[in-house]
Amino acid sequence: MRFDGREPLQLRPVHIETNYLKNPEGSVLITVGDTKVICSASIEDRVPPFMRGEGKGWITAEYSMLPRATQQRTIRESSKGKVTGRTMEIQRLIGRALRAAVQLEAIGERTVWIDCDVIQADGGTRTASITGAFVAMALALENLYKTKKLKSFPITDFLAATSVGILESGEAVVDLNYPEDSAAHVDMNVVMTGSGEFVELQGTGEESTFSYSQLQELLSAAQEGLAKLFEIQKEALGGELSSLIESGKEE
Amino acid sequence: MRFDGREPLQLRPVHIETNYLKNPEGSVLITVGDTKVICSASIEDRVPPFMRGEGKGWITAEYSMLPRATQQRTIRESSKGKVTGRTMEIQRLIGRALRAAVQLEAIGERTVWIDCDVIQADGGTRTASITGAFVAMALALENLYKTKKLKSFPITDFLAATSVGILESGEAVVDLNYPEDSAAHVDMNVVMTGSGEFVELQGTGEESTFSYSQLQELLSAAQEGLAKLFEIQKEALGGELSSLIESGKEE
Amino acid sequence: MRFDGREPLQLRPVHIETNYLKNPEGSVLITVGDTKVICSASIEDRVPPFMRGEGKGWITAEYSMLPRATQQRTIRESSKGKVTGRTMEIQRLIGRALRAAVQLEAIGERTVWIDCDVIQADGGTRTASITGAFVAMALALENLYKTKKLKSFPITDFLAATSVGILESGEAVVDLNYPEDSAAHVDMNVVMTGSGEFVELQGTGEESTFSYSQLQELLSAAQEGLAKLFEIQKEALGGELSSLIESGKEE
Amino acid sequence: MRFDGREPLQLRPVHIETNYLKNPEGSVLITVGDTKVICSASIEDRVPPFMRGEGKGWITAEYSMLPRATQQRTIRESSKGKVTGRTMEIQRLIGRALRAAVQLEAIGERTVWIDCDVIQADGGTRTASITGAFVAMALALENLYKTKKLKSFPITDFLAATSVGILESGEAVVDLNYPEDSAAHVDMNVVMTGSGEFVELQGTGEESTFSYSQLQELLSAAQEGLAKLFEIQKEALGGELSSLIESGKEE
Amino acid sequence: MRFDGREPLQLRPVHIETNYLKNPEGSVLITVGDTKVICSASIEDRVPPFMRGEGKGWITAEYSMLPRATQQRTIRESSKGKVTGRTMEIQRLIGRALRAAVQLEAIGERTVWIDCDVIQADGGTRTASITGAFVAMALALENLYKTKKLKSFPITDFLAATSVGILESGEAVVDLNYPEDSAAHVDMNVVMTGSGEFVELQGTGEESTFSYSQLQELLSAAQEGLAKLFEIQKEALGGELSSLIESGKEE
Amino acid sequence: MRFDGREPLQLRPVHIETNYLKNPEGSVLITVGDTKVICSASIEDRVPPFMRGEGKGWITAEYSMLPRATQQRTIRESSKGKVTGRTMEIQRLIGRALRAAVQLEAIGERTVWIDCDVIQADGGTRTASITGAFVAMALALENLYKTKKLKSFPITDFLAATSVGILESGEAVVDLNYPEDSAAHVDMNVVMTGSGEFVELQGTGEESTFSYSQLQELLSAAQEGLAKLFEIQKEALGGELSSLIESGKEE
């Protein structure tokens, strides 16, 4: 039994509230247990300089935490004047992950800006950000598609992320909260498509190591959790948009 | 009649949700029309270097906007590596205003960190921040007081803020939303105590000017709006904490 | 009686030396008691990117203090690598104030850069900066106008600033020096036009408050001091340029 | 057959020159094909503030590339005034990986600073950095151990890293050079201990995905390459130091 | 004959106004032709961390130009967020030069902060800064000495600086103004003591070279100009303080 | 006799390995005793903005030290977020020196980027950088010339640098290593052309001074050392390229 009474392969309660903000082209508030992230997707009608003239789009992400998302107040990165390595790592991951589920040629020379702002942090903020940002991005691109600015719908598959880890007890569990994350021997983030393909796999044994068989156990735990997350995404997006995504997958 | 059908001296709907976050010692989500700000108050058990050994506390504020709080995406200050002049001006104002309603000696050598994060912006974010931050601070200090860490309750009066302005029609109005704010000839922010004393008055005729009689009209509009805001603060804080504040005022 | 023997409504000795530097299009050394500020106005033949193509000009200001303008040496902002909030607030105020006395369309797509460098500080550096910068700007624009680069003279009225405050004695005084400023309960900066219209009003009761009747007293003190400052500006600018400004006011 | 004629599971020629620099406590020049990295290990007799008093040591890494390590000259991060996200990600990875092979308690309150400076880059600079840095660190710690500053030898196992990927042909290969890396569908970095345990696994399908069976193929390719790298490390370190490490493993 | 009618070995008019500012322990306004620099010397009762406990003092300098000291407005270094290489070079030179004329042990653990702020620039700002800063420093140290805070007077000799150069005509001249400096083939700054010893020699043939005999000619021109500058320094410092310096020289 | 047994006018062993790196257009590893610097020259087909349209080229240099080039680890400038004054001074010197040996018109609108990265430091890193960078630049320009991108060979003479100083014994020596440099009373860097003309002369008596006769002694020591360095450069460059440079000198 886990700290909060969950089964090893049980996610915390997940809720995705769509169109949480009025200004962005797409936005959600994703809640995973006590972790809460506002994800927004903004469409800009140009690409960064290094991509101009290639006829394809770009997806980039920024990630931040409110100072009191955490138990101890964290100093703002704007006050420090620089973004930490952890933040950079996370925002590079979010952008890279989302790009794997989108045909960049189908967006045209546009940039999708993803903003993930963590309102409250209790472990798994980067995976909640990816899962929520996918929904915000789908809403923003649906809008572009419906207003005839795109010839085809650019999303090719569902995409979500979760964390898995090996607790001190040696048990493999899914969706670690902060106390579990701090105590875990191994911590792995898995980003997958709805079809079950890996997009990103980041496993680390901070001051520890893990074996091949533990890896297999972790991956199978992740798969179970992700299956549930895809259902929640579909529910949040509704039947019509979910079908659009499914049809992209078939191509 | 105003853009959104309000009377000149009518505030937008205001709501203050207390204890919005689980980590900060005090927090609220304040909603003023479409403007939404998360305000949190964190207690740190030391003061900045320049105040050490004086036996009194300090209150300081930080203010930020999510990139898509605005209609056009705003670049993050953490990405730019510096805080804009506007942000600095606002966070200095919030801190200064709150300090006027608190006996700093009664806090002891502690710092109250105020964080105002604008989730959605539709005009009046700095005044909403002050009004909400006062409530978050009161909740945090109540906690300190109830756990016997303070000898007396340090808040001496209610404190709230609103904006007033003169529209192109020449009419003085209260609580301008973003379209009104952009079009107004004169824009004034007024911070007041529950007893009707001024704490801060900032009036500016950007590329315009205003007369003494217009000033009088603006101040009376502000007073009316603020009376309503104090009621909403009292309701959010509840009877017991409101009475504590009222008793501080009498001293 | 005040620290330095002045009457409540008496300014310190004010002197404006025009054309203090040889390079700027306009420059002054303004002396207000022991406060000394070099103000220069530079004309640049383009506007910032966000204003291009609008056919109007822009006025922007920068403010700085020499490290030993103050009693204790202040660290240079260039060494710290960033501009403080106080400096940003002041330079935004100077720019905004000056723009209220100029028809930006009449300048064409040009920027007037105002530089206010405080050589010696004894209170009231921001208001001395505004009063001096107005004269430097007038000299620079006169030059443009006389060389036929402008169709009409763009300045529409005189503009000056002073501080007022309420001393511990409860008395309202004008033009506070540094010891008065440090001890005052309320501090207010007033920017006005020669016609007596308000341009900017910034009153603050740092860790204190003020009543409506005190506000009225402060404003009337400001008005008296400003009347004297307009005379000094006229003398510094000379009859011909003063008339040009007066004629702009009439339009 | 690969671009450079190698077999799929064949490493490029690897050479580790120990004690390359005279000043650091440990240093190597590691050459992997045309990739060349100077790795140095410096011992500092204190730990960062957040670890003081815990009685254990810390290992941290910095990574940089000479501007012309690359085909096109890269702007120096010192000139830009900030470290890129890529660099931060790599230096966090190097530090985390090395910490997994060391008992931090056995170092005492000391910091091992690892510096990896890429002289020439042809793919795999982060994995070459880890493989080389392990050797530099072992040399530095051997020194501490031999001068009786440590009670036990703190390294618990060999540690090396390599990259694996899936080429456009669908073939899984080990130790990608730059042209292969740019064209690969999937790119994975694997850090392992001499005992065959995973320390870090980072697989990414940039704008692509990979299946479970491809993952298995990649991991088995990595294992083969790493076996060869451990041999090269042992040769570089010599019998005595290698035995010390082996004995740590047994504990 | 030179642009401005001077003889080759003739300085521009030099004037040193002592105690120009009221706050610093020592200050001057030095005027060299159209070049004007405010130099101030501030005494701080501690030394930088790297010198603590050595029982000796430190002298450090900062240099800056007002934006319109120059013909074209120069962007403020505080706005750019960094100090240029030219500024760094100059402030390192000023500090190093002054330290050569002072017995640092005799100051005790104090720092003399030199601030050189160029109000108007017409060539030779760094040499004017050194010549003026020496006087400001002497005034500040005299003060310390007279108030019995120092056992002996720490200045060991006069110190001044001038520039010399070779014009396009091939003639060696002293004290170049800006047009001469821009056109000169060789530019050399010479810092000397009152006894005729070199403290610093920086000669450069920007995109040009110079011979040994030209070097000799330049040095003799410098010597002549410096002799005049020492006289002007003595006059500014007065007989008593000049004697104090002379007596230090004899030791 | 010197610390390391050298005669006063004897250089340390100097070796220049050409084409040390595969990517830059020209590169060397220069070894001067224990000082080792990688110098590379990169050709960019444009000039900085301030030179566009003038039809001539530019040469600019950057200088850096690996953290453990020094006895104590030096913090990376990229981690500090800024370049130190010492680095700026050195890179400005290198660029200025090299420009004196090149006809910038003959390069066309191209920039030669010089990168000097100190791998190991034992005194004289800036002079070794200049001596090595000249060779790297010659190799890069030879390449341009041979591929017919230049009409004439732009280098007009050999160029090298060395340090000279006066030891505590009063003796003038050439090519100081780090212990000598730290103890020397006077330190001078001399940059000369193959024809014996001065390009740059920087002499400083840190907390000391030097006489005219000492200067003469230093310059003659420098000349002797430089004669040897020009021979080593010629050998490194080979007969053909050396002749090209010699012929440029004649013009």
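We call the chains A, B, C, D, E and F, going by the order they appear; numbering starts again at 1 in every chain.
One rule holds for everything that comes next: contacts are C-beta pairs under 8 Å (C-beta built on N, C-alpha and C of every residue); 3 or more make two chains touch, one makes a residue touch a chain.
Just so it is clear, the structure is predicted and the values come from calculations on it, not from any experiment.
Colleague: Which is the least count of steps on a path of touching chains running from subunit A to subunit F?
Modeller: 2
Colleague: For subunit B versus subunit C, what separation do you get between their C-alpha means, in angstrom?
Modeller: That pair's centroid distance is 29 Å.
Colleague: Cα centroid separation between subunit C and subunit F, in whole Å?
Modeller: 52
Colleague: Let me have the rounded angstrom distance from the C-alpha centre of subunit C over to the C-alpha centre of subunit D, please.
Modeller: For subunit C versus subunit D, the centre distance works out to 60 Å.
Colleague: For subunit A, which residues are shared contacts with two or more other chains?
Modeller: Correct list: 81-82.
Colleague: Please list every chain around the ring, with subunit E first and subunit F second.
Modeller: Ring order, starting at subunit E and heading to subunit F first: E, F, D, A, B, C.
Colleague: Subunit A touches which residues of subunit D in the complex?
Modeller: Answer in residue numbers: 82-86, 88-89, 91-92, 96, 99-100, 104, 188, 193, 196-212, 215, 219.
Colleague: Where on subunit E does subunit C make contact in their complex?
Modeller: Residues 21-24, 27, 34, 38, 40, 42, 44, 62, 64, 66-71, 73, 76-83, 87, 113, 115, 117, 119-120 of subunit E touch subunit C in their complex.
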